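Below is one structure. I have some questions about it.
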Amino acid sequence: MEKYEIKEMLQRVASGETSVDEAMMKLKTAPFEEIGIASLDHHRGLRQGASEIIYGASKTPEQIETIARTLYERGQKTILITRMKTEAADRLAASGLPFTYYETGRIGLVGEMQKPRREGYILVATGGTSDIPVAEEAALTAEILGNNVKRLYDVGVAGLHRLLAHTDLIMNARVIIAIAGMEGALASVIGGLADCPVIAVPTSVGYGTALGGVTALLSMLNSCASGVSVVNIDNGFGAGYQASLIHNLGE
Amino acid sequence: MEKYEIKEMLQRVASGETSVDEAMMKLKTAPFEEIGIASLDHHRGLRQGASEIIYGASKTPEQIETIARTLYERGQKTILITRMKTEAADRLAASGLPFTYYETGRIGLVGEMQKPRREGYILVATGGTSDIPVAEEAALTAEILGNNVKRLYDVGVAGLHRLLAHTDLIMNARVIIAIAGMEGALASVIGGLADCPVIAVPTSVGYGTALGGVTALLSMLNSCASGVSVVNIDNGFGAGYQASLIHNLGE
Amino acid sequence: MEKYEIKEMLQRVASGETSVDEAMMKLKTAPFEEIGIASLDHHRGLRQGASEIIYGASKTPEQIETIARTLYERGQKTILITRMKTEAADRLAASGLPFTYYETGRIGLVGEMQKPRREGYILVATGGTSDIPVAEEAALTAEILGNNVKRLYDVGVAGLHRLLAHTDLIMNARVIIAIAGMEGALASVIGGLADCPVIAVPTSVGYGTALGGVTALLSMLNSCASGVSVVNIDNGFGAGYQASLIHNLGE
Amino acid sequence: MEKYEIKEMLQRVASGETSVDEAMMKLKTAPFEEIGIASLDHHRGLRQGASEIIYGASKTPEQIETIARTLYERGQKTILITRMKTEAADRLAASGLPFTYYETGRIGLVGEMQKPRREGYILVATGGTSDIPVAEEAALTAEILGNNVKRLYDVGVAGLHRLLAHTDLIMNARVIIAIAGMEGALASVIGGLADCPVIAVPTSVGYGTALGGVTALLSMLNSCASGVSVVNIDNGFGAGYQASLIHNLGE
Amino acid sequence: MEKYEIKEMLQRVASGETSVDEAMMKLKTAPFEEIGIASLDHHRGLRQGASEIIYGASKTPEQIETIARTLYERGQKTILITRMKTEAADRLAASGLPFTYYETGRIGLVGEMQKPRREGYILVATGGTSDIPVAEEAALTAEILGNNVKRLYDVGVAGLHRLLAHTDLIMNARVIIAIAGMEGALASVIGGLADCPVIAVPTSVGYGTALGGVTALLSMLNSCASGVSVVNIDNGFGAGYQASLIHNLGE
Amino acid sequence: MEKYEIKEMLQRVASGETSVDEAMMKLKTAPFEEIGIASLDHHRGLRQGASEIIYGASKTPEQIETIARTLYERGQKTILITRMKTEAADRLAASGLPFTYYETGRIGLVGEMQKPRREGYILVATGGTSDIPVAEEAALTAEILGNNVKRLYDVGVAGLHRLLAHTDLIMNARVIIAIAGMEGALASVIGGLADCPVIAVPTSVGYGTALGGVTALLSMLNSCASGVSVVNIDNGFGAGYQASLIHNLGE
Amino acid sequence: MEKYEIKEMLQRVASGETSVDEAMMKLKTAPFEEIGIASLDHHRGLRQGASEIIYGASKTPEQIETIARTLYERGQKTILITRMKTEAADRLAASGLPFTYYETGRIGLVGEMQKPRREGYILVATGGTSDIPVAEEAALTAEILGNNVKRLYDVGVAGLHRLLAHTDLIMNARVIIAIAGMEGALASVIGGLADCPVIAVPTSVGYGTALGGVTALLSMLNSCASGVSVVNIDNGFGAGYQASLIHNLGE
Amino acid sequence: MEKYEIKEMLQRVASGETSVDEAMMKLKTAPFEEIGIASLDHHRGLRQGASEIIYGASKTPEQIETIARTLYERGQKTILITRMKTEAADRLAASGLPFTYYETGRIGLVGEMQKPRREGYILVATGGTSDIPVAEEAALTAEILGNNVKRLYDVGVAGLHRLLAHTDLIMNARVIIAIAGMEGALASVIGGLADCPVIAVPTSVGYGTALGGVTALLSMLNSCASGVSVVNIDNGFGAGYQASLIHNLGE
């Protein structure tokens, strides 16, 4: 409930249009309802500028379908499901809901992608081929939330010329998502080349002292390039979501 | 050297205006010079959209003055010095250069602040009073780089009503820098209230299992709110710098 | 053996009612017996104010049944089994003992729940739906040990209004168990709202730097709210047990 | 602001006693004021059942005096200052405010101790003599907040008979605060003897793999005794505060 | 090769009994032979006072049989196999070698147990029932190497009276092996009661912050009792082996 | 693109042989092509003095075959595949390509081993038999890249005479790869005996506080012997590759 | 109080020699007295076979003198003070008590060293010269508690022949204390050479990844030699104490 | 003692030239002598191909002078002292020995630098100016041990063109030492550009999650470039020493 809405409601109370009890009820009933499994928040699109997102990792196919159907029936046009397993995707595909599944990024979509609202693009770059599932989670999240996305995969710093051959793509991006496991140096090198915000995503790619992504994370947090911030290990969604917020800033 | 510059140079070679050796030299001499202590990079303002920044922590007062003077004499209008100790500030103050020192944030400025180029503001919020030095580093960085900044200090989540009393300020910000030590929950709560990008800065405030800021860092990386990314512990500069990139995106 | 019991026994020795050897035996035979698998402690109900509890995680179905039967036959009215797997539950269900199994919380009960001995209630709150198994372990433990329990699930701080809509429930609780994974901020926010003791339970929900619950644990230990203490990761039982001790204090 | 207060205010708006703007202002002005350094929260005594507490570690003597004086002048009867250094104590002692300093526990008191409101006592036990500063912080916090406190120091488990000689004291306590460094086994042994809630405080006493208190913390979190919860390393205040909440529960 | 043997050989060279080349060969051929899989060391029984031990964890059933057979055929009377899986045990049982398998402790024995060479006993104590596999590894190792062993299982410190009921057993032991997971406090309590060397074995029993045994290990290393040393997590063999060395010292 | 190539191209532009656009294109097209799955780098043999290497761990059998075939058809004579699983090996074996699989070291070879270009040998030593798979990865990598290799397995420091019996082999090596898990002491002992560079490889052999190889890694990094450097846990390939670089230095 | 003492006392109660209250008092008064600072335990010499030991690190010179004087006046002949700072030593030297200070090992002695009660010796070996303070703490502890001690310093494994030159000393020891920082390999090498119990002491010598002794500790816990157990980092006292227990076993 | 020396000695025993006792003595007296403080090893120059090195960190100025003088007087021509503090340098400067002190690298030299024995050079590169002390330790070590060294400082990857401007220097080096703190990405980028062995040195430069160099270390261990090995944090000496071994290989 925005400030101006509270003011209007108070004016209605003052004018007698709204009773004290109605106002009381209004203030108490937050803009969500409980459907047994999870609290849904229909106003969130307004408040946070984004569609409702379902974190699929710890939910059963049944729970995901129930939540998605409820949201869809109340008018949500774009419902993004992350960390979605194939069993859940199979169920949604058979549900009658308008559903698409992007397997590599484990992303499900009920409804339709939002149209890009801004020119320019978000660049999603990875150090290796093993980082691609996380990259697709990021790229699809940004696309579904209404952004143009370009992909630049397998440009790790050990083969620097591969990366440098795409300097244009880096220079012209509005936001860059730099994704890498192992030593995570990609974020620093891209951060040094680009003049736009860089969101770094460490991945759990590697073995031994890669420590399941902790090494890449630490490396990225200590980037000697300015303008780099970091999200959780393998959190492609978080990077795609924030990139979309940045790209569409001020809309 | 930008793409179009290489093209122009090649055309001059083709037309005979430039000799092969000159072109060779041009391609080899990168746009920086060495002044003994540190490599300066005058083109960086163009390439990265920012002024030159001097990381003061590990440099002597003499080194800082030399670098600042060189940059200033070549026309750099805004020179930002971070992690500046008072001895260095004293030396710069006596150097004849146009110098201002902001003690709380340990920020020095040679030249002048850039004018804000965009409406709207960056909000810098802290959980406690002990986080203020880091917050000032972030706020001054953003101000010097040309942004309006609003400060909201000591609004930790243990006194939630303090924070909620400023919901307007949070709702209307273009970018928010959320700074907290201890358990770092401020980032999640602000992340849940705001619809703009949030950059979280863990601080080394706390004792015992605060682990010098690692706890706040881990907490912020795992924020249940979307749209939050994180920088290194106590890295106010990094947050202010990226916030400025985001706020001035597309300029 | 309480102090007064020792005194009485000594008096009986002095008066000749008890022989030296009998007294010796008495002092040596602690109030437990060995049944091969585990030492049972029948006096524990008196000494610790609680029923006997069987930690089911590392015991075979056979061992659990043997222990439960022995306890039940000696008059234990309420036998609580934690971390009970379905195979063990199936065996107990077929054992003839009065048995109930609560699958979500992996709790088994031989005998009956104790009647609540105090007015008021223990509130069990969770940040997300994935925390519910731990929450049920806590809630059922408290209920079985004789307490009224209210549940408030999926009220994570990223959707602050969901939590604030239940401020009454928080304000009126006698003890609160705050359960969350990821960044564990729920404990701090509830700790700031409540004026009763809060027991925080970190859960292993999350990925990457959630570190299997360590991040939530560290966060909760560093809560900026006073009045919060913490138990081991996923230790719903420990929280429910201590909440029961607190709620029934002085009985 | 409580629910009933909101209702009354709305009724005054409806009846015209309060204008819309006044109500608007009322809803926005939270019950605190900013005094430059820190937000004070005068209603907290009501809401959280405790007096205002000043965390002295990161504040200058001047800041502490200013905050304490402001609180005292508005009628706060008991102002507890934790982690107070001697310089700050010297300043307060010369301030004209009614001030007492407890050096071992680094606790300052402006005003007077609250009277114990309940019979029974909180027991504060330590493993060694090096744990006493933390123990005094806990004991004084509880005493100042209105509780009887008994102290049982240097009863580490390596000399078990020392501890067992005080079984009565342990058995009869309402709440126990068990404080230990090194391996922190005291919490488990007391937890096994007592039938009341035990709050364990790890201390940074020890060297090498004591890891600054982390070992004692981990040990206490894994106590094989039920009914033990834990606070941050060296957090005597937190334990004393929660013990007071528990001891005075329901008042 | 012992010092006196070298001297004798040199004397034989001087007297012409041994040629230079023979001596050379003698000095070069160390007292072991390679059988493809592993270097066997037949002199070890003399040099280290123990029988040959086969670490079975990373060897195939075939490898274990080959090594055991080779040793047995060269006259080794007692061959101890640790961390032996059932498949390997099945193969050895069918091998014609005199073989016994102790399943709980995963110990295999080819040949026969050595006779105890000293009076007195090694006491093996555990905190819980889940520690028994490690305890059996320790107890059987000591028994096979020629020691009397007494077992005292499930005497964790949370039920202190259970432990105290066996004070005699503790007081009269020559060496004690204290085995516990979770918080590992058993080592400290036994260390305080006993006047003999205590070898502590942390186990990986527990969950969450038990950290796979690291918590128990740290706790035991920081024992406030003197006279306690520690071996690796779950290393029952190492404790049993050292206890045997201590118990038979000077033989 | 080497320096002299740039110069030649510029000369061709000056003479009109090459157009500006062609030169532009030349500078932009790095020496690699994209084949969908991964960027191949045919010039790498020249630039890095090594054959192309395929990291097989995260690639499907199909991907490995496609990459290997492409490389082979363009004339790559030696294609080394590391961390290759048996399914991938089976596919390659049926592919018609000249393929060999070394199962213990999980190494695949398409084409032929390079001929040793230097006299002398690289010594690969291990502490135990469990380290052999990592050792074979190292040894085969070095052999395939054109080096003589000698193997010295199961010479851990607990049986020092086994190691000392091979002092010659150690003294005469040109480079030594010392491979060990558990406490990793082999690197220090060999480092003290040898006068050539030693590359240490920690392995994940061990349990409990072996911490999956971290203990061996830390031990090796802190070797009291000079001349020891370290690679990642289980990284036999990395050690073999660097040993080959060192052995063939200056060719 | 031993079992037979309890029995005798009960017999005296039965015979009327002892009143119930006297017996009660006897059972309650543990064999120690409180002197304000610390609980002293005069029976410990009997119970644990050792003299009273004062841990000096966290005690003031005054406290140390008070405790030492009290013990001395009650007849304790050997009082060992560990981690004693020079100020405390200066005070004790001026106290009139028979006092000796061993500066390198920071050990103080009030009274006299106990006479060695066994033939044979404890060997104390170090890897480097920086480990000597810890070694002296160990060696002096063992000497004061009545053992012959031999020292073998600076025999780190990087110079293996230095160590091997003293094989006799190692072979003939009854107990060995192996002390090393950095990678701690000394324990493994000595453990492989000796046939007696080895107590390993990691030291905080080293830098970077030596991690203040944690690396040496981990290395020692994972020693591939059997018969090695470990104490806390820099815990020379603990090693000396346990070595004395082992050496004098059965006395 | 080499193999052939043993053979010769045995022949002299056979021929009567050498008595049994002399031979015995010969075998026992290792090639070192003890001078109270430290065991010196005069044969090491032969055996390890290097001069004697004194680790100055934990030695007093007196000890350093004594060791250096002893070595010098026995004919050692090049004595390298690392981690040397200014007090020690002052003492050596006044000692009459031919002494040079290199303050930035904390390196002392008694005697003279060895002449470079090979063409080509070792390249020492750093990411920032703060890494220079470690770099100088490496560079001076290599120079003193007889190598040409080139320095390339402050070429961190955030300003990639600075580094690329020196591609020639990188391409032509025989060995590269890559030194960096923070995220340590320099090692990967140089590793990708070079075709020679790269030794990476992490430094403790940075703050917060730089973790005193652990982040750079982990990053370097996980380098996606082949041919990179790593030494301990800040271990410039170790890198310089190994680089010298590699550069002079086969001499």
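Here the chain labels run A, B, C, D, E, F, G and H in written order, and each chain numbers its own residues starting at 1.
Just so we're on the same page, contacts are C-beta pairs under 8 Å (C-beta built on N, C-alpha and C of every residue); 3 or more make two chains touch, one makes a residue touch a chain.
As the structure is a prediction and not an experimental result, all values here were calculated from the model.
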{"item": "Pair exhibiting more inter-chain C-beta contacts, C-D or A-C", "value": "C-D"}
{"item": "Chain separated most widely from chain H, comparing mean CA positions", "value": "C"}
{"item": "Matching chain pair for C-E (criterion: over half of the contact pairs shared, by residue number), options F-G, A-C or A-B", "value": "A-C"}
{"item": "Intercentroid distance (Cα basis), chain H paired with chain B, Å", "value": "39"}
{"item": "Distance between chain centroids, defined by C-alpha means - chain A, chain E (Å)", "value": "55"}
{"item": "Contacts with two or more other chains, residues of chain E listed in rising order", "value": "128, 159, 208-210, 214, 217, 221-222, 226, 232"}
{"item": "Interchain contacts (touch definition) - all pairs", "value": "A-B, A-C, A-D, A-F, A-H, B-C, B-D, B-F, B-H, C-D, C-E, C-G, D-E, D-G, E-F, E-G, E-H, F-G, F-H, G-H"}
{"item": "In the complex with chain B, residue positions of chain H that touch it", "value": "128-130, 154-155, 159, 161-162, 164-165, 205, 207-210"}
{"item": "Residue ranges of chain F in contact with chain A within the complex", "value": "28-32, 37-39, 41, 44, 57-59, 63, 202, 204, 212-214, 217, 232-235"}
{"item": "Residue ranges of chain B touching chain F (in the complex, touch as defined)", "value": "6-7, 10-11, 13-14, 16, 19-20, 23-24, 27"}
{"item": "Complex contact set, residues of chain E against chain G", "value": "2-3, 47-50, 53, 120, 167-168, 171, 174-175, 194-197, 199, 217, 221-222, 226-232, 237-239, 241-242, 245-247, 249-250"}
{"item": "Of all residues in chain B, those that touch chain C in their complex", "value": "127-128, 156-160, 182-185, 187-189, 191-193, 206, 208-211, 214-216, 218-226"}
